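Chains: A, B, C and D, in written order; residue numbering restarts at 1 for each.
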Amino acid sequence: MEKYIHKVQYYETDKMQFTHHSNYIRFMEEARTDFLEKVGFPYKRLEDCGIISPVIAVNVNYKKTTTYADNIEIEVKLKNFTGVRCEFEYIMTCNNNIVCTATSEHCFLDNNGKPISVKRTNPEFYNLMETLCEQNKN
Amino acid sequence: MEKYIHKVQYYETDKMQFTHHSNYIRFMEEARTDFLEKVGFPYKRLEDCGIISPVIAVNVNYKKTTTYADNIEIEVKLKNFTGVRCEFEYIMTCNNNIVCTATSEHCFLDNNGKPISVKRTNPEFYNLMETLCEQNKN
Amino acid sequence: MEKYIHKVQYYETDKMQFTHHSNYIRFMEEARTDFLEKVGFPYKRLEDCGIISPVIAVNVNYKKTTTYADNIEIEVKLKNFTGVRCEFEYIMTCNNNIVCTATSEHCFLDNNGKPISVKRTNPEFYNLMETLCEQNKN
Amino acid sequence: MEKYIHKVQYYETDKMQFTHHSNYIRFMEEARTDFLEKVGFPYKRLEDCGIISPVIAVNVNYKKTTTYADNIEIEVKLKNFTGVRCEFEYIMTCNNNIVCTATSEHCFLDNNGKPISVKRTNPEFYNLMETLCEQNKN
């Protein structure tokens, strides 16, 4: 899968001259959105099915700084998926150096905020995600 | 009315070493929220009444730079109010220097996104706003 | 010139379900950065020459709402240029509807924060900008 | 130590109606800034001494959602400190419920981006931090 590219904007830098660390969490979301589009199940479609998938944890390791106009390449992998929860892994590189590695965990909720298993409520999404998860393990 | 104070955060600065200009639009929203609380009609209460009030225009003049840990004092005035639209005026100072002046214009919509006059739908809010607007003109 | 496209991210929406108005100021900066790249004088190169160009005013009119996953097309024009100041104009469309129109004004400073005319300090940039400005007027 | 309070702003919410998860990283920075001020060594003073302290890792667990106008109380503790690295711990509550727990790790760099031990370069800061760290362990 082609990597997602985020070009660092001026408003994403801080007075240390680097990309502010909080923005990488946003780049993760951008890359995740892009991943779901590329595999054919955009997040918007999940929402249209009455499912939201909030972030329940993030772990981010900042390896090297980036700055204005840098192109950060982001590789996204589905690391774990149970139908109730899932975990994505991110490897961000810039000029072939790893600048950041991260994971994010998510659950699935219905429109009333109740946790659900997508296995029952959305088998098409479930099967797609399970397949992608298996592919990564091999 | 006591001025709203925004302390500039590190994540609000950019690689020019100053507060990024886009953040002043957010400081305006913070000060507006604070203004509505102080006059006794928090924006949240307006939303609970089924009214939203989107921004339809902003005009911002940046006079001096500010940076990390600066305390920006923001004076908010209700400049115009018709029940259908309203306009706020902002004067931001830091260490007694004017750093930014701005205005924002807003309309009122019901939950279906239809423009409304709050004169009919919410007379209590209408009367309060009209009084505040008159006071500023005198 | 090809329009700049900003795809609205989830983190750019707010609880009204729409793109938060403050983000359009950031889209303007993205489009301006892209404009300067396309005309062959990236902003980074200006900074490398010891020139910064802070925003001194923005005027934004919000015409229609946008939301998550919308593609906003942004047309940028150099409206005025004197060597001491310049003004950009932005027309943002989404699905062929104008969603936002805006202008931004900028000055030029040296690394000590002193206002300069780029006519003397950077004639290559001056000539390019003047030519672009003339083209827009015709 | 009095907890730091962050009042959630409208621009910090997203179309799920909740505070966007990326903003908690920024609340951590605000609370950390406030912590250093309260113990008498503002981060600005560290920068004035030629020391910067970038974030090298964050771990965030989102327990409950918050939304517009919520007051999030943030308790900050210095969990580890070696002079070369330090780790802060954050417990965020809202209406007496834990909404988020997190840690952040930091190193210390000189103005050339070279890692330093503050034990040698800034013994006053070193002693203060070591004392605070010991207090937390007891």
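Observations, loosely collected:
Criterion: a contact is a pair of C-beta atoms (placed from the backbone, for glycine too) under 8 Å apart; a residue touches a chain by one contact, two chains touch by 3 or more.
The structure displayed is predicted, hence computed values, not measured ones.
Over half of the residue numbers found at the chain A and chain B interface occur in both copies, marking it as a same-residue contact. The interface holding more C-beta pairs in contact, when A-C is weighed against A-D, is A-D. For chain D, the chain with the farthest CA centroid is C. Note: centroid distance chain A to chain B, computed from Cα atoms, is 34 Å.
Distance from the chain A centre to the chain C centre is 29 Å, each centre being the mean of its Cα atoms. Measuring from the averaged C-alpha position of chain A to that of chain D gives a distance of 24 Å.
Residues of chain C found to touch two or more other chains are 10-11, 18, 22, 26, 29, 68.
Interface residues of chain A, counted against chain B in their complex, comprise 10-11, 13-15, 17-18, 20, 22, 67-68.
The touching residues of chain D, counted against chain A in their complex, run 16, 18, 21-23, 25-26, 29, 52, 54-62, 65, 113.
Against chain C, the residues of chain A that register as touching in their complex are 9-11, 26, 29-30, 33, 42-44, 68-69.
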